[in-house]
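Shared between the two complexes below is subunit A, which has subunit B as its partner in the first and subunit C in the second.
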Partner chain A sequence: MNSSDSEEDSYNERSALVQSESPTIPSYNQDHDMSLPEETDTKRRRPVSSGLDEPVPVLVERERVATPDGEEEELTLKYGAKHVIMLFIPVTLCMVVVVATIKSVSFYTEKSGQRLIYTPFEEDPNSVGQRLLNSFLNTIVMISVIVFMTIILVVLYKYRCYKFIQGWLILSSLMLLFWFSFMYLGEVFKTYNVAMDYPTLVMIIWNFGVVGMICIHWKGPLRLQQAYLIVISALMALIFIKYLPEWSAWVILGAISIYDLIAVLCPKGPLRMLVETAQERNEPIFPALIYSSAMVWMVGMADVSNPGSADERQRGGGGARAQEGVESEDDVAQGVSRRYSAEEDLEEDRGIKLGLGDFIFYSVLVGKAAATGGDWNTTLACFVAILIGLCLTLLLLAIFKKALPALPISITFGLVFYFSTDNLVRPFMDSLASHQYYI
Partner chain B sequence: MTLAVFFGCAFIAFGPAFSLFVFTIVKDPLRIIILIAGAFFWLLSLLLSSLVWFIAVKACNGVQDPTLHRALLIFGVFFSVLLQEVFRFAYYRLLRKANEGLASISDEDGLDISVRQMAYVAGLGFGIMSGAFSMINILSDSLGPGTVGIFGDSQYYFVTAALMTLALTLLHTFWGVVFFEGCEKSRWWVIAAVVALHLLVAGLSLLNPLYEASLPPVYGITLLMAVWAFFSSGGSLHNLNTLCTRRKAEEESAQ
Partner chain C sequence: MNLERIPNEEKLQLCRRYYLGGFAFLPFLWLVNVMWFFKEAFLKPAYTEQPQLKSYVKKSAMGLLLWVAVLTTWITIFQHFRARWGEVGDYLSFTIPLGTA
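Up next, the complex of A and B:
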């Protein structure tokens, strides 16, 4: 199967780790008095609600609260652990779905000989040197495609072709929600020998797909949207696991984390430019690319008293709210969409967002660890390594307070643990188990 | 075999650890992070000890002789135990540093997690990871077709593996509590005792498949450690007494 471009884009665009904005903590009541300082705070606190179409993971700084430093630090720490868990759960769920599928449905581990057009070189299992060379060439092709797409997206974003980007995103999520889930369901039915008729299947897929499109691109309950985003990340990861050749997959994982590092941290990196452009324009990110753990902002609650805070909150709010995209900027200026009381905001607003590309690549790593060999220890080790990497990345975010890439640390840990557990720990544990020695 | 053995052994091995997790760890995000970091540290220790074992095996030219293989494995076991304790100490130092760092930069009194709680969570992390690594492959094998002990080995492989895993998980938890307490109070004999007990338990497991000689002593040590950990973390007979009488008083007042 030669996948279409939109599939490539969808994973390109889906990697970003973004933090939603936090409210002005000192303004516990939304009075007229507070609006002025808030507006200045808004400008100061411009978070990097960035990258509509960020091809690579970017961790965006959390908004600085306009309070004395001690309180700010404490708030960061107090909310730090909660955010880590808010990301652990969806990442774990995605990985569990992928591993469960890989272990039960054999379709995704069968090598059919078909490849994506992005990895044109065939891996010859006979000669190690040739195989290595081909995997590096495949990686170069894949990464260049990604870089090319990123640049196109940056250009599109710079010239404000939002409709084009949105159309592109809708097309790619259409394909994921209908075609790939149809394939997935078909394979699951085959594995468990379930008889299914086409009318029922059409009804199921139709409902699933349409609700998914609505939830992701328009409005919907937060949990449902999160669930759909996890499911499409898992589907995407499964496609990669099936169609990427063995060695190329590992090299691509390594290369993409290096690319992520460069693209986000270098001054001329495409992602950094994207982030800065979005920052200047104060625009929200398209929700089809970002998983948001924050509360959904309510639409239609007019609160004219705080146009400034409403503005920044609307920007901060991920979830279903932000699909309004550019048009809602005007609404916001009129002070639409205000939220509940500030006390609730304290807890809910400090949501955190993670790009779907991060989910996808984490799941690819763990899925491949589960696919190659029957060893569960390797899978478990990679899982723990990725979670610790994510934890460290968020810790660095809390310390440095600037945009950071989310892939490198986790993928590095994951790769190190995969190869070392597979080659070193596995024989040791197997010998111990056969003698029933316990350490 | 199959499902009955799978579920039975899974619940034996992971039941207590899972319930401890659900009742004490799940609600607090900081504890979950400390747990997973503890698991990570155990994993690191395992990695390093496997590396050393692997190098030793390769150095002896890919052992054909079974006695040498066993001897190297036993060396690997003891070295791994020592390394696990080293990493436990390292984790203790990391947690203390994190505690101090966070306490110094916040206005309030640091985190609302005490060193004792961290000790318990760290020990549980070590225990869960150790249990998972010992048991998961065996559990997945127990699902599939096969005959236990077809080459003359013991029939009770799965159950004893599960029981041993349970003992080790609990032991790691108790050792964590006692170890951290020993480090806090700078009682080095406590640390030495924990290391010695761990070595003893590993040594006892070397007696397998003579399960009568390995399992009861290990459970005896587990009980001993439970009592020690209880008293070390601030429990006392008085506390127990108050707990029981308070419960009785509550019941009486409720009637």
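Up next, the complex of A and C:
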């Protein structure tokens, strides 16, 4: 399969936990000049603009600052735990879809002769040294392509070529939603030996694709948007699993985590520059290719604002190339009137965002473990490792409150667990089983 | 996006756009429209735009049912008669099951 550039773009997303914007106050009009105040700002109360039908004046408050330190810490932790769960679910879903497909549809594990142009060196199974060398060379090619693309993206963003970036994004999501899902459906039908006719197929793909485009790039129900993002991440991961040569895939995973670390944390790293530029301009950083979870608390008659505002800000504003990021967003809910106690009026909605590239690479790791690892031990071990890594990363995010890469820790754990389980635990379990010795 | 946060006129406009979009052979869009705006149209206390919203949701539901009927009929016919149609059946098929008549 010839991959086009737009496919490349989709996995250009690096994982970065973006600098947590201190509590933003969503105005009812969702104007973009909501500044991102520092944590040390004092508590402000600001009546939401009229135009509401509700008779009750709704107040917007930022809670975090007003409370004493003890409560603030507690809030930070509470934020951490709930958000970990909120991210576990989509990451797990994505991995489940990938593993289920790998295990059932043989297409994605068959090695065709085709390779992506990004991995031009063939892996020769006969010579270990040659194979290793070629996989390193493949990795270098792949990473340089990715770096190049990221730099182009940052340059485009800096010079405000938003239209171009948006067009690029739309093209890549078009390809994912139509072409890859068409391939996927075809393979699933072949596997289950179902007859499918063209008219019905066209209807299915057309509906799936168009509604996907609408939900992701325009407006749609949050859950549906999240579902679509999970599906396209899974599709992308499956493509990677199929078309990356064996050893190159593992080396690439490792190299990408290192690149991610560099790109997000170094002062001159492209991703960091992207994040900072976007924050300077007070624009939503990465529309359309960031997964954002939303959490809503409701009290009484308050209308709770949502990181639906996050979504809206995502969609509006700059068409910046979506990159991986975990952004912690504090959208303060519109509190109820003063009658309630301090704890009750102040509610916070916090959404957290994780870049799609993170989903993709996590799923690639687990998928490859499922494809080549042999049995479920390895797969489960990798799965647990990735979740632990994600947990730790979120913890670090809560502590440092700035952009952090989400790939390195998880991928490192995943790789370690994969190789150790495959080479140590599996033979151990096998020989235990063969000797009928249960522990 | 959260429906709670947007004003009613915008909700109406969104519902209307989804409704109109469904005419482009997109029953799924109608389904999304019905599910998303169901609560707004039927379970919320009345507001000025609600009757129109209700009508859009109802029309989307009807369109959806129509499409479901058409597709079900076609799929049934195809699955049943595909083998008998010979060449035409093969021409229409995207995947042909192996090992069956």
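Definition applied: the second predicted complex is superposed on the first by the 324 of 439 C-alpha atoms of A that agree within 3 Å, B and C clash if a C-alpha of one lies under 4 Å from a C-alpha of the other, contacts with A are read in each partner's own complex, and residues count from 1 in each chain.
Note that in this section a contact is a pair of C-beta atoms (placed from the backbone, for glycine too) under 8 Å apart; a residue touches a chain by one contact, two chains touch by 3 or more.
Since we're looking at a predicted model, the values are computed, not measured.
By the touch criterion defined above, A:N377 reaches subunit B but does not reach subunit C. In the superposed model, A:E246 makes contact with neither subunit B nor subunit C. Of the two partner chains placed by the overlay, neither subunit B nor subunit C lies in contact with A:E276. Touch criterion met: A:F88 reaches subunit B, while subunit C stays clear of it. Contact with subunit B, but none with subunit C, is seen for A:A385 once the two complexes are overlaid on the shared chain. Residues of subunit A that lie in the contact sets of both subunit B and subunit C are absent, per the superposition on chain A.
Residue ranges of subunit A in contact with subunit C, taken from their complex: 26, 28, 30, 51-53, 186, 189-190, 193-201, 203, 206-208, 210-211, 214, 219-222, 224, 294, 296, 303-306, 308-309, 311-312. By the touch criterion stated above, subunit A contacts subunit B in their complex at residues 70-71, 73-74, 77, 81-82, 84-85, 88, 374-377, 380-381, 384-385, 387-388, 391, 417, 420-421, 423-425, 427-433, 435-439. Residue ranges on subunit C touching subunit A, taken from their complex, read 1-2, 4-5, 7-8, 14, 21, 24-29, 32, 35-36, 47, 71, 74-75, 78-79, 82, 92-100. Subunit B meets subunit A in the complex at residues 29-30, 32-33, 36-37, 39-40, 43, 46-47, 49-51, 53-54, 69-70, 73-74, 76-77, 80-81, 84, 102, 105-108, 111, 129-130, 132-134, 136-138, 140, 157, 160-161, 164-165, 168, 201-202, 205-206, 208-209.
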